[in-house]
Amino acid sequence: MAERLVYINGDYYPEAEAKISVFDSAVMLGDCVTESTRTFNHVPFRLRDHIERLYKSMKVCRFDCGLSPDEMECLTLEVIERNLPAYEGMDLWIVHNISRGAYPPTGDQSTKRTPTIIIHTAPMDLRYWAPFYVIGCHAVTPPSRMVPAQSLDAKIKNRSRMAYTLAELECKLVDPMAQGILLDLDGCLTENKGGNFFLVQEGVLKTPRTLNALNGITRQTTLEIARNLGIPTLETDLQPYDVYTADEAFFTSTPYCIMPATRFNGLPVGEGVVGPVTRRLLQGWSDLVGLDIVQQALQQLPADQREELLSCAP
Amino acid sequence: MAERLVYINGDYYPEAEAKISVFDSAVMLGDCVTESTRTFNHVPFRLRDHIERLYKSMKVCRFDCGLSPDEMECLTLEVIERNLPAYEGMDLWIVHNISRGAYPPTGDQSTKRTPTIIIHTAPMDLRYWAPFYVIGCHAVTPPSRMVPAQSLDAKIKNRSRMAYTLAELECKLVDPMAQGILLDLDGCLTENKGGNFFLVQEGVLKTPRTLNALNGITRQTTLEIARNLGIPTLETDLQPYDVYTADEAFFTSTPYCIMPATRFNGLPVGEGVVGPVTRRLLQGWSDLVGLDIVQQALQQLPADQREELLSCAP
Amino acid sequence: MAERLVYINGDYYPEAEAKISVFDSAVMLGDCVTESTRTFNHVPFRLRDHIERLYKSMKVCRFDCGLSPDEMECLTLEVIERNLPAYEGMDLWIVHNISRGAYPPTGDQSTKRTPTIIIHTAPMDLRYWAPFYVIGCHAVTPPSRMVPAQSLDAKIKNRSRMAYTLAELECKLVDPMAQGILLDLDGCLTENKGGNFFLVQEGVLKTPRTLNALNGITRQTTLEIARNLGIPTLETDLQPYDVYTADEAFFTSTPYCIMPATRFNGLPVGEGVVGPVTRRLLQGWSDLVGLDIVQQALQQLPADQREELLSCAP
Amino acid sequence: MAERLVYINGDYYPEAEAKISVFDSAVMLGDCVTESTRTFNHVPFRLRDHIERLYKSMKVCRFDCGLSPDEMECLTLEVIERNLPAYEGMDLWIVHNISRGAYPPTGDQSTKRTPTIIIHTAPMDLRYWAPFYVIGCHAVTPPSRMVPAQSLDAKIKNRSRMAYTLAELECKLVDPMAQGILLDLDGCLTENKGGNFFLVQEGVLKTPRTLNALNGITRQTTLEIARNLGIPTLETDLQPYDVYTADEAFFTSTPYCIMPATRFNGLPVGEGVVGPVTRRLLQGWSDLVGLDIVQQALQQLPADQREELLSCAP
Amino acid sequence: MAERLVYINGDYYPEAEAKISVFDSAVMLGDCVTESTRTFNHVPFRLRDHIERLYKSMKVCRFDCGLSPDEMECLTLEVIERNLPAYEGMDLWIVHNISRGAYPPTGDQSTKRTPTIIIHTAPMDLRYWAPFYVIGCHAVTPPSRMVPAQSLDAKIKNRSRMAYTLAELECKLVDPMAQGILLDLDGCLTENKGGNFFLVQEGVLKTPRTLNALNGITRQTTLEIARNLGIPTLETDLQPYDVYTADEAFFTSTPYCIMPATRFNGLPVGEGVVGPVTRRLLQGWSDLVGLDIVQQALQQLPADQREELLSCAP
Amino acid sequence: MAERLVYINGDYYPEAEAKISVFDSAVMLGDCVTESTRTFNHVPFRLRDHIERLYKSMKVCRFDCGLSPDEMECLTLEVIERNLPAYEGMDLWIVHNISRGAYPPTGDQSTKRTPTIIIHTAPMDLRYWAPFYVIGCHAVTPPSRMVPAQSLDAKIKNRSRMAYTLAELECKLVDPMAQGILLDLDGCLTENKGGNFFLVQEGVLKTPRTLNALNGITRQTTLEIARNLGIPTLETDLQPYDVYTADEAFFTSTPYCIMPATRFNGLPVGEGVVGPVTRRLLQGWSDLVGLDIVQQALQQLPADQREELLSCAP
């Protein structure tokens, strides 16, 4: 198969040579905004929406990458084009990372710097998440709390993510396969390191407001699918009690679209199986993107694991 | 002059070639701990203390870099040794950056990864701060608030620092030369992107507790110097009112040791000049490290700028 | 022109003689409720609504001014009537200030006191704000936080406003012409010293809830105008990120109705110009009140300033 | 007896004519700082400390009254001098109120304004508090919470005091003679509208830190007296539980120095009587100021009330 | 009349003998969930809803009582059946208390324990509340704050209720007949020890969200009745200001359905009388349950008290 | 062996018959205060201190049990005396539970009720904790937060402990043998369901302040022992970072005195073994109480378990 190429500030590099200076502010300060888009059948999904959010992030971070959104879109399509030969039979991620550029070792922020633009692709490897489509994952709340928006707003999609990593590791103490769901300072549900959270209560699809969470494009799409399917939706403050007593729950994120959660802090969510509203929304996603997202993931598993999984499904 | 060399996982690279993969978790997640040590007359200052704090940071972040603290100390001394030829007549920074290693694109944190160990040096360029020794800097509180410790504890010296960067840029709206001092969620003083804060009230040297701030080694050293000089010290909660009505104020950080602050949010601190307790502490620092830290900085300025500065000093 | 007269507890005084005792609780305790109403073409706008809110403020403050709302309305109309000769060709403010009366120097609050009722008028001098209709103002968030409702509810329109004054002065450090917009303790937008705040995101007009803000009559009127124009509205929690990424933003207050904000903390709001939704709402206001509110303000400027302003408008 | 004279911006007025414009920012914005000093035997107590705090308040409020502290001290002594004939046999308050001056009706804060300096005196009428020396007062916590320092710092002694007034009125619902003691947002004790709070636990004199309270001069003096008497002191966070279980409690404020509190929220404090540490401190105060402060107050009561009071004392 | 019988873990006991071990975790830890249902004309009201909430409470508390919800419903009906002879002419409460069982004196929570199931009935004695239907009650906010959901979620209907009891006693200091309404940590209205709170503002029926309050079945029913009557409803954050300025207010709870509140912290709510919306909702309740709930309560009063009450009603 | 007898309101009952009414407010409201004292060699330890705290709890809860502290002490000694025959060769707990008495089903709190006084004993069974003396326990922070003092002060030793139970069960998800340590709303360490927490940092013994924790008598005693041994002590705010980087940690509580904690949230504390300061304090405890508290616990284990444990100890 063809080699994957990473775009860095005007040039393309094979992955093994795709590097940035250790003095880049991405490394020195986590001062880097980002987007992750995926393709379905090699068509990027809502790429323009991702690019627009990327520019919002840059604006709030007070830097300009030197390209217009249109230029960024063209460039991104070129990166995909160049990499497609490496993705026969497999969808891909497209990841943008844009840092403020070289790090000023003194406190002097006034030096003009050239931002670092990195665009890479990656195989849409779904094997980690695939079993969750069938049996659901285990959602766990860590003791650490979400960074509040008045400190760093999660709506800025950024790479200063140590807080998420540490919280996720706390969750792994409960279950090595746990998927974290952070609480805010008031104890309300927010998001996790890469996804939003939803639950179903008496037929209504509910998800936290975005006061302390990214307004995920997958989140928005899921709300739209639900509305199209006639499922009532509500963006509101949710608490652990709501998950314990919900009928269904799931995460949303770019790679897996919807990841059912059938346990929460050690207790079953609803009946402890992937529920009917979640199934309808998964189907809605498959219809929207033109491929069966569950089958795509399951096909990546070895045949015996897939069969075992399906046999133990309810 | 000789070329500077950067240590990365066992090898030495000239600075221009010192790079890490764009897939490193330092880049992808800001998942990187750090220390910055400096030399005085080419002797590293409290290197062992920095290394011990580095290992505390790694422990709390739940990863192991594969070297013992002793090995890290030897390695660091070797990095300095190799770089000293490049620092004739100039002191240097020694910076450790250790990330968790390659980034797992799925949520799977269980993969064993090799941490990335980077040790680089940098010239102790003090020109940005040098004028502040004479006329003091302008400390400014931004509207954004410090990340609270229950989200990400500042005592973990880490590279997920976008919050500090954005807050600092807010301060620059008030004054392009402003030095930020963040407030915590209760409105108490914490620290800034690289330093602790002190003030003097009626002869007592006060500094915020470390509930939402790094326990800086320069902070500790300054407290020790004060105690040796018979200056009473107090670690306590401080508020903007305390700075407005203080007699003196300053920041502490590795490169500059003490940076006097003579204005606060547009108002003079005390008489608006570098005060006597600050001067005694600066002298105490010079005595401790065996060189005149103020002169070292001023000597880096062009002669005319230096003279102008000294002529306008009170 | 005729002299303006101030009503104080039953008598009328020329402005220069309109005084209250230095022992009044307005002076000694800021213990005073207030309303500011304006006229359009000499017709007071929603005077009854203002009077009703004034009585709500008095009730919550636990004192009774001795007049019924009807009597207060009649009296107010009389004050206007008496002052109209002084306002040829100019609209006017009508300001009510009602304090609890004389201040008891001991802690004894049980003494029966006679409230001090002051009603004055003032010329509707719009020169300060006029340029903002054309080029927009600069909205800035100060580091100080809004007084929370459980300490003193902003819905009580009161004269204990030092917190607003100090916050406004903090904003002026960023820009001498800045218009402050305070954040609450959670970092959400509230109001400023005399106005509410709105923004437009993808065609929806949004404004903070009134948990920590006055429910302004201009705010209510603007929401009504929007609904009449078919513009969707939403009262919700808003954060700085929302302003940075909004298409348009503005303040509302009695004198200027709508004051466009085209910059926020140093960054342009949307395109950095007065936007189309704001223009429609300004037009809606003009239609409602029967005069062109923008022209009224601009006409107060010297001709050369007005022309320069209009020439530099987009 | 001679007439009392009020100083206002350079002139002296009989009390009944001591007035300020209704357009002053003291009236319009509560934008006024203040001090209250008292005399003992016609000698002002720590006048210089009060004046220094007044200048701190002005500084933090960002205005300058046009007089130096020395000039203010001289002026104050002159005001006392002129008024002494009116205070035969009675001590007096000296009250400074300094506002920013005329109120700018538009948002324009840049206009240069002349501050309003008011200095008045008042008889040290202690009749309201006198019984509390004998039987103690009833301290009550209201449901409203102290304004937090990040909104308006209580260490700025200011006249925007509506929050205190409303909280005090809530306390009067429990007991018309109740003396309020406000809690901060975390539920810790702060201060009341004019005084600090102390309690005695197992021989240690404790008082809240000044994070959300004025650092009263009477508070400081009481701590000094205690230290001179060998009573251990502690400034720390205190909660209602601490008062319920304390041995003794009292308020401190300029007029009464120490006001014993023998009930708290309906329950007795300790034995419900004025306790021995409080008595020692009262004696210490009398010794310091050269008159028996309790007797001075009791002598102001009608003889029959005084006797009844003393007879019912324990 | 027949004797009342209490069900405890499989057996029936006369009330005087209905006891549980002092080692039960209900006694030792307040570790007990609960429901209170009432009958109207001996028909239990929404019993199934109560049982379902009971099972939600048990789930969140992580224990299983050993019976299915269906079995619990049958058992409950049997308890009612057995007790009905004791309730001629009077409705009854049905109270479920289910504790985790015996208390493990060491920290060892892993021991398997048999939950304690208690079902008792009680006469629907409405005499305490009856006058409030006519003249309304006095709602009072205590200084203590509601336990936040991240500490113990009020949506778990539980018997660890000391916080409510102490807050209620604080309210009784204001008025021995006061009905408490607790504020949350942000100063918003929540609930009281056994009921939810509603108010009417300009024709809209509003009640706090359930972030810090039980989602009462009476609350839900009242909202349904309102919607059926065409009264607009809103679940939102409410503050004391909203009650002070409301037109009407009331509590809802199982025994009394709706209890009008005509005073709030010493001030009248609206006109200080039971208002028209409250009356319509009371009528709606009577219609729904097939008996006049107000008359039922008033009939329990002695005739003279009832007459006096009705004569003093507006 | 003799039968144990429980005292309930004047009578003695064998344990199996020691019951209280299901209508008691301990059961219905968790409205019950408590103390747990233990004996060493059959001598009760600081019984008077426990009784005094019990009376403080009752006072703050606003009820009176009808006995004086002296009477309660005599009664307690009598309960011990009567039960000693049942404790040959074993120490015992003495537990006081005092509830407000019968529960008023209506909101009427004014009814005079007779408190329920229960005093029971229990064998000092230390087998659950014994291994922790040798290998240390695993301290874990749950996601739920401590009830804040302004909701219910932990210094009131009470039986409304569901919040502690649920938090403890969350910790057991991490490790079935975990010992919880709750964080307060700011993320600082507090206490757990029955004990205080200490850590050792560079030779200093630190423990959280009691703002959100019981001031345990074992806590006080441990501080006293430390001071007597010349170990510096500090009561201050502590955070998870402090435990991760501490040298040693332990819990204190009545039954086990000191329980070493050698792991914290999955990571070793210090070297992961019981440290030298902890050992000195354990020895200090043994010296104080006149028996080897570690041996006492280990002797309760089966010989083979004890040997295995000691062999695996470091």
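Read from first to last, the chains carry the letters A, B, C, D, E and F; within each, the first residue is number 1.
The rule is simple: a residue touches a chain if its C-beta (ideal position, glycine included) is under 8 Å from a C-beta of that chain, and two chains touch if they have at least 3 such contacts.
None of these values were measured; they are calculated from a predicted model.
Q: Hop across touching chains from chain B and tell me the fewest hops that reach chain E.
A: 2
Q: Could you name all chains that are in contact with chain B and with chain D at the same time?
A: C, F
Q: Which of these pairs, C-D, A-F or D-F, matches B-D in more than half of the residue pairs in contact?
A: Most of the B-D contacts reappear at D-F.
Q: From the C-alpha centre of chain A to that of chain C, how far is it in Å?
A: Distance between chain centres: 44 Å.
Q: Which residues belonging to chain F are in contact with no fewer than two other chains?
A: 60, 62, 144-145, 148, 150, 156, 183, 185, 187, 240, 266
Q: Please list, in label order, each pair of chains that touches.
A: All chain pairs meeting the touch criterion are A-B, A-C, A-E, A-F, B-C, B-D, B-F, C-D, C-E, D-E, D-F, E-F.
Q: Once bound in the complex, which stretches of chain B touch chain D?
A: The touching residues are 183, 186-188, 237, 239-241, 244-245, 266-267.
Q: Where on chain A does chain C make contact in their complex?
A: Against chain C, chain A makes touches at 56, 59-60, 62, 148-150, 153, 155-156, 209, 211.
Q: With touch defined as at the start, can you tell me which chain A residues reach chain B in the complex?
A: Those residues of chain A that touch chain B are 6, 8, 15, 18-32, 60-62, 93, 97, 100, 105-110, 118, 120, 122, 125-129, 144-148, 150-152, 156, 158-166, 168-169, 172, 176, 179, 185, 193-194, 255.
Q: Tell me, which parts of chain F touch chain A in their complex?
A: 140-145, 170, 173-175, 183, 185, 187, 240, 265-266
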